[in-house]
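Okay, so chain A shows up in both of these, paired with chain B first and chain C after.
For the complex of A and B:
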C-alpha cells in the first residue's frame, strides 16, 4: 500500500521544500556511507584479521538490513524532518527524542570530521611535499560543503548523486581490472590470508572487529533525515534506503575481496586508504589516479550528506523547543536550516583539528550503535502501540519481530566489541549522554509544549 | 487536563543554554582525547630479529611490503603492534551497568513525559 503523507504542519513558519525523489534518497544514504569502503572498514582487519573483516562485513550487513527494514516502516509512516528523532518523539517520548537527535548529530558530525581528515591526509600523501599539512584542506572542505548546504538541499543532493556514482563506479572498475576470476596474477588471496593468519586473535578478534565492521554501512539510516523534503516519503524512502543497502553490500564484498587479495592484513589494518593502495599495487597509473580521485569524492559526498543530516536533527531540536528556538530558523530564500548548519560548522572544524581518524570514527560509531539499540526497541513499541491495521503505514516490514531481535543482539555484541580496545571512550560517552539527559529532564523540558510534540494524525496509542 | 503553557525563555537564557550544550559537547568529545582515554589499546611486541621470516611474512607478503616502501625494520612496529584482548571484568561490569542504567532511565523518564504529551494531545479532543 502506498500513501502520500501530508507535510507536517508547523504554524505559519517557512517550511522545508519537498523537492527530492528516490534517487536523491539513494544518493544521501549511499553518499554518506560509501566513504566507509575507502577507509575505516579496514580497521576491522586490525582488530581481528582479514577473515574477521569479511565475517563482520556480512554479519553487520545483516544488522543494517534490519535497520533499513525497520527504518523504512517507521519513517514511511512518521514523515518529518529529523528522521529517527521524529520517530522517538511520537513513539517513546521527548527525552528519548532529545537523546536520539544528539546521537544523530554526534554520529554525523564526527563522520564529517573523519571525512575531512581523510580528504586532507589523502591530498597530503599524494602531494608528497615536505612540511605540507592537512589543516588547510580540512578547513576548506568543511567550509565549502557547509556553504553548499546553506544554499539549498536540491543542489546539495544533486552534487552528491553525481560524485557518489563516480566513486561507486571506480570500485567496480578496480574490481574487474584485477581479474577477480583468477588468482595468482594480481590477486593473491591464498598467499595473503592463510590458515595461520586468517584469524590472528581467534574468535574474540572477530567479535572485536564488529566495531569497525559498522563502518562498512554507518549512515545508511540517514536517508530518513530527508523525510520532510521528499515528494513521496512512503514510496521514496523505503525504495531509496533498500536500494542503497543492496548497493553497499555489493561494494563492501568487492572491496574486501580486492584489498584482502592485495595487502597483508597487518598493513590493511592500519592504512588510511585501502582502495587507493590497491590501485597503486596494480601498477596501473590510471587505476591509481582513479582511486585517488574516488577517495576524495567519496569523502566529499559523505561529508556533504553528514552536514545535511546533522543540521536537520539540530534544527528539529530547536523547532520543538528542546533547544533554544533560535536554531529552528529556515532561510527565507534558500529554505534550509541555515542557523543549525552554521552552528555545527565550528564544532566540526574544532574536532577535525584535535582528533585523529580512528578516534573520530569511534566517536561516530558509538553514537550510531546507541541509536540502533534505540531503534530495535522502538519498532517493538511502535507495533504494540499502533498494531497493524490501526494506522496507515507506507511500508510494512516482514518477519517482525525477528529483525528487531537480530538488531538488538548485534548491538550488544558491538558494545562488547567497542569495549575490547575502546572501553574508556564508551564509558565517557555514555556518561555524557546520561548527564545531558538529566539536564533535559529536570530543566530544559519545562520549555517544551507538551501536546505539540505529537503531530501525526493517529489515534491514541494503545495502553495510554 | 489543562493545557501546559511553558514559560517564555529570555534571550539571555537561550544564550546560556546554547553555551551549556556547546560546553557539554566539547567536554564529552574533547576530554577523552585530552585524558588519553580515546584510541586503541595496543602495544608493540618487540622482536630482536627483524627479518620478514621472524615477522611471520611469507615471500608474497614480503614483496608487497617492499612494493609499499617498507623494510623489515620499518614494518616491525606495524606488524608487531597488537591488541591484547584481556577481559577486564570490573571495567566490563561498570560499562554494562552504565549502559543499562542509562537506557532504563531514558525509557522510564521518557514514558513519564510521553504520558503528559498523550494526555494533553488527546484530552483536548
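For the complex of A and C:
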C-alpha cells in the first residue's frame, strides 16, 4: 500500500531541509580538508624537499583562494544541491555538467575511501597487535558515517563542526607547545632546512611537489554542495567558504613550520603521520595522544563531509534524469537523499577494501583538478553571459579575470606534476571521462527533460 | 582491547547497515515513488526570493 504526504509548506513535495548556517558550511569545507594537514601534504617534501613543500603551500593556497572566491560568487547565485554541477548545467551546458558531477562523485568518494584507510591504518599502527587488520575499522567508519548522513544533515554537520574544531585546536596546541618563537629548544628549522638541502631536486622538484601540495586544501569547494540546505545561501556560502579558506591557510602554515622544524625532509616526505610524529617528538605523552586522536577525528570529519557531498551530487544527477530518477528520492522523515547515500556506500566499501591509499588519493586529486580547471572557464563564461548588474549576486569576487587566469595556469602546472608521478592513471582517467561522455551524449541525454533542468529565474544570457 | 574493538566495529557496522536496509524497505513500501522523487531544484529559491536586483 502506498500513501501520500500531508500537504507541506511547498505543496506535497519532499525536499531537502534548509536548516544549515555559516558554521555548518565551515564545518563541511574545513572538515573535508583538514585531514590533509595530518597526512598527504608532507609527500610534497619527498618530491622536492621541505622548502618545496612550503612554496607549494602558498602557491597552491593561491589556487584554492581563487577556487573559493570564484565558487563563492557563482554558488551564491546558483544555490542548488550538486554545487558545481548545477553551476555547469546553467552556465556551460549538460555535457559539462554531467562530467562535473562525475568529477565530484569520484573526488569525494575516493577521498572518503582514503580517509577510511588512513583511519584504519592509524589505529592498527597505534595498537601494534599482530594479526590486527584495518578492515573492521574501515567498515565501521564508512557505515557509521553513512548512517549519520542518512539520519539528517543537521546532526551530520553538527558532529562535523565539533570534531573538526577539536582536530584544528590540536594543531594550535601543538604549535604553541613547541615554543614557535624560539629556535633551538624544540624546533631546529635552521639545522634541518639549510641552503644545501632546501631544494634537493631544484625547481623541477617544486613543480613535482604540486601534486601533493593540493592536499593542504583539497575539498574546500565542497561547501557548495550544501547550497540547497543552508538557510541563506547568498550569505552563508561565501562567508563559510572564505572563513574556511582563511582557517586552512593558517593551519597549513603552522603545520609546515612545526613539522619541517622537527623532522628531516627525507623522513617528513615518507611518513604517513607527520603531525602525530611531531607530537611524539615533543616527548609529551599528552601531545602524542592528542595528535593521535586528532588524526582519527580529522579522517572522520573528512569522510563524513565526503559522504554528504558525493550523495548530493549523485542525487542531483538523478533529479535531472541524467541518471535514473530513482536516485533522486528524498527521505520523507530525515529529508536526506537516502538512496544516493545507500548506493554509494558499498562502492566506497569495495574500493576501501581493494584499493591502496596512494591509488585512491591520486584518483581523488585528479578528479579535483579537472573540476578546478572547469571552474576557471566557468567563471569567465558566467561573467560574459550575465555581467555584473544583470542578475543578483550574493558575493562578487574582486580582480576578475585574474583569479580565473591564475587558477587555470596553476591547474596546468598541477596536471604536469601529476603526469610526472602518475601519468598512466591520468591518461586512464581522462579516457574514462571521454567514454562516459560519449555514453551520455549518444544514449542517456534522450531521457532528460531539457526544459526542466534549467531552474534559475535568470534573464536570457547576453548574446542569446 | 584492540581485538575486542575490532569485533565491536564489525558488529556496529552490521547492525547499522541492517537498520538502514530495513528503513529503506519501509520507506519505499510506505510512500509512493512520485512523493519520494518529488524534489525540484531551485523551487525554494524561486518561492522565497523574487530575484529582483
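The rule is short, and it goes like this: the second predicted complex is superposed on the first by the 451 of 464 C-alpha atoms of A that agree within 3 Å, B and C clash if a C-alpha of one lies under 4 Å from a C-alpha of the other, contacts with A are read in each partner's own complex, and residues count from 1 in each chain.
Everything that follows uses one rule, which is that contacts are C-beta pairs under 8 Å (C-beta built on N, C-alpha and C of every residue); 3 or more make two chains touch, one makes a residue touch a chain.
It should be emphasised that the depicted structure is a prediction, and the values quoted were computed from it without experimental measurement.
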item	value
First, second, both or neither for A:398, with chain B first and chain C second	neither
Partner chain(s) touched by A:363 [first = chain B, second = chain C, both, neither]	first
Contacts of A:147 with chain B and chain C, given as first, second, both or neither	second
Which superposed partner A:270 touches (first chain B, second chain C, both, neither)	first
Contacts of A:424 with chain B and chain C, given as first, second, both or neither	first
Which of chain B and chain C A:195 touches, first, second, both or neither	neither
A:436 touches, of chain B and chain C: first, second, both or neither?	first
Dominant contact partner of chain A by residue count, chain C or chain B	B
First (chain B), second (chain C), both or neither touched by A:325	both
Touched partner set for A:338, first chain B, second chain C, both or neither	second
On chain A, the residue positions that both chain B and chain C contact, one per complex	325-326
In the complex with chain A, residue positions of chain C that touch it	2-3, 5-7, 9-10, 12-13, 16-17, 19-21, 23-24, 27, 29-47, 51-53
Contact set on chain A toward chain C in their complex	1-5, 10, 12-16, 18, 79-82, 86, 123, 127, 129, 132-133, 136-137, 139-140, 143-144, 146-147, 150, 228, 233, 316, 318-320, 325-326, 328-333, 338-339, 342, 345, 389-392, 455-458
Chain A partner contacts - residues on chain B that touch it in the complex	3-4, 6-7, 9, 14-15, 17-18, 20-22, 24-33, 37-42, 56-58, 60-61, 64-65, 67-68, 70, 75, 78-79, 81, 83, 85, 87-88, 91-92, 94-95, 98-99, 101-103, 105-107, 109-122, 124
Chain B partner contacts - residues on chain A that touch it in the complex	46-47, 88, 92-97, 99, 106, 110, 188, 191-192, 194, 196-197, 201, 204-205, 208, 262-264, 266-267, 270, 277, 281, 321, 323-326, 347, 350-351, 354-356, 358-359, 362-363, 373, 377, 415-416, 419-437, 439, 441, 444-451, 453-454, 460-461, 464
